[in-house]
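To start, the structure itself, in structure tokens.
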Amino acid sequence: MYSLTVRDHMMIAHSFRGEVFGPAQRLHGATYVVDVTFFRRDLDADNLVVDIGLASQELKDVLAAFNYRNLDDEPDFSGINTSTEMLAAVVADRLADRIAAGGLGPGATGLERLSVTLRESHVAWATYERTL
Amino acid sequence: MYSLTVRDHMMIAHSFRGEVFGPAQRLHGATYVVDVTFFRRDLDADNLVVDIGLASQELKDVLAAFNYRNLDDEPDFSGINTSTEMLAAVVADRLADRIAAGGLGPGATGLERLSVTLRESHVAWATYERTL
Amino acid sequence: MYSLTVRDHMMIAHSFRGEVFGPAQRLHGATYVVDVTFFRRDLDADNLVVDIGLASQELKDVLAAFNYRNLDDEPDFSGINTSTEMLAAVVADRLADRIAAGGLGPGATGLERLSVTLRESHVAWATYERTL
Amino acid sequence: MYSLTVRDHMMIAHSFRGEVFGPAQRLHGATYVVDVTFFRRDLDADNLVVDIGLASQELKDVLAAFNYRNLDDEPDFSGINTSTEMLAAVVADRLADRIAAGGLGPGATGLERLSVTLRESHVAWATYERTL
Amino acid sequence: MYSLTVRDHMMIAHSFRGEVFGPAQRLHGATYVVDVTFFRRDLDADNLVVDIGLASQELKDVLAAFNYRNLDDEPDFSGINTSTEMLAAVVADRLADRIAAGGLGPGATGLERLSVTLRESHVAWATYERTL
Amino acid sequence: MYSLTVRDHMMIAHSFRGEVFGPAQRLHGATYVVDVTFFRRDLDADNLVVDIGLASQELKDVLAAFNYRNLDDEPDFSGINTSTEMLAAVVADRLADRIAAGGLGPGATGLERLSVTLRESHVAWATYERTL
């Protein structure tokens, strides 16, 4: 199995609801360093998992909908705890939609899985992995 | 599949038995930077894999039994080569016991797997992964 | 010259005022991984620059005033652009006050300088360095 | 499942063929930081996945065939796009051959899988994983 | 003293002349992860050392002249050993020229120094620092 | 000013004396990731600060006297707290002696300063810098 990973980041504000979150119930924020890994069994005709340039651009486009925003004000996340693990899944699903729509080119039909890791600090990160 | 990782570290002394270990047969030591990853299929009611605060505290408690100790003098490791990979398994098993005992709260019943990585330097690390 | 560095982090929300900030004029947030370096010419009687435990605790206490907060709502930062470089200076000054008040113990009188680095992502960070 | 990882690096020149590569069609180069992970279900008699010293030496030997070379001039890669993901597979396969030939000692028969990650920058890396 | 650092990278081919370089006399290549640090005594009116966006763009423009090239074929480096430390100085000097030409805006007149670090692997890097 | 840095590591056991050290008074250990930086005003005839190969070898030789040892048993450190900052100075001084003895070649006479950083974990490190 082959995989290729590209990295970018986003900076957001949000707050959490529930006593388990303690002081994180207050409005605060995070930098998420985002690693997206694309998996496929065989390489394409160019010997690639996916074109790094295209993959990086699609990731940047997906992150633009989060970047420099207060997620508490985004209709998509109204009343939802935007935990690191939940955001990893949203980023993964949005990338999966773009791949299905051809955003990574016709060769990307060979992709089998996708994982998204959001690093919220030097001591904590979360991953969501799904099939394509 | 979702996962969440927390990081901590421990500093121990030990020695190895067997010619394969060369100079590491002498009493020496290591800093292990410890990454614990918790896996589950679906998030809990708070949109979490596990509460980061609880997970970090349980990890710190488990590492306290190793930290600032000479493992050669610990009854649990008498006559045993406390290799990086073996210690990763011991940390994982002790965390698994704590999870089973409710240390990560009732929501942690959804956890499926656990992996523990011990980084002994910038050029070597070991991982043990097990089901829960 | 000797130095010792300890690392911690904080997660905050804020917004910027001024066209130069572009989309960062919106309310957003950041994780700052914070490295504090203490400098001194000679080691103390214990062969230390400063006690790591005390230094880490003082840093944690200083960061607690920022952590999990919206800096736009903090009276200290009213109408001020809380840029990474400016926050590095505030953290450094508050640590310097604590050192002067004896927070790092009597041996800390030998400290000459202090630098604080705030890493806002994997591709950008800022530092403020001052004398003590 | 246990695993052990060792890290080394190689510095090579190469060029790519195909419009998808854009400016990378020109002769350029890369440092690949190489992480090799060995997997096995149970530890050997010394409580090891594999001897770190032997593993590091075998990896260094394999990388020597690439290091400080222009891959465009190597017969093995004539007319082939030596992408990061393709090189990861070549390194993995050559290591697998050496393991089969006894390069990691008789205990290495317990190894089940091997993965090789080549990091080409701080924002992109590729992995190939195979059975042994 | 304040400083701000931005990171980017470039991928080049080159060779060295002189026995001291051993196998690096052959045509090979490198990824350089490039960190540029801007120093100034006081922040500008926006509380910045320099605009991160502008600084990142100027760095990208400077690196474009090196990126995906064989430095042995570049007239600027004809007959010159393009060592990591020498390239750090060239990047720094070119950035200094752009700053003097107003590339970082009028506020950048407050900048006092510049340092450029080129990381060629996980175990070696070089820095050049100069006044502005 | 130019500088070049090389990285290696060592793994040692030791204990501390003094109540300030708390549990670190027990015999324990550490991995120190060691970064040595060489400074000089002008490059040598090969456009180098220092030959990376020679510098790495000298560093490895210096670290061999510490590596895989219990520092409490080493005559050089009898009754001495081998703190991270103190060990950084010892490594720096031993490297300085080797440079003076010609270990880095005749061109190394241009070196002006040396700094040694010992990273004991992902959250703490110490540096000693001296003139040559």
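We call the chains A, B, C, D, E and F, going by the order they appear; numbering starts again at 1 in every chain.
Everything that follows uses one rule, which is that contacts are C-beta pairs under 8 Å (C-beta built on N, C-alpha and C of every residue); 3 or more make two chains touch, one makes a residue touch a chain.
All values derive from a computational prediction rather than experimental measurement.
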**Request:** Farthest from subunit C by Cα centre, which chain is it? Let me know.
**Result:** D
**Request:** Select the chain at the greatest separation from subunit A, using centres from the mean of Cα atoms.
**Result:** F
**Prompt:** How big is the gap, in whole Å, between where the Cα atoms of subunit A centre and where those of subunit F centre?
**Reply:** 41
**Request:** Could you grab the centroid distance between subunit B and subunit F? Build each centroid from C-alpha atoms only and quote it in angstrom.
**Result:** 30
**Fill in**
subunit A to subunit E, mean C-alpha position gap in Å, rounds to 31
**Fill in**
Multi-chain contacts in subunit B, i.e. residues touching at least two other chains, fall at 7, 122-123
**Prompt:** Can you list the residues on subunit F that touch subunit B in the complex?
**Reply:** 7, 9, 11-14, 23-24, 26-33, 67-70, 73, 120-123
**Message:** Using the touch definition from the top, list the residues of subunit C that touch subunit E in their complex.
**Reply:** 16, 18, 20-22, 80-86, 88-89, 122-130
**Prompt:** In their complex, what parts of subunit B are in touch with subunit A?
**Reply:** 1-8, 37, 43, 46-49, 51-53, 56
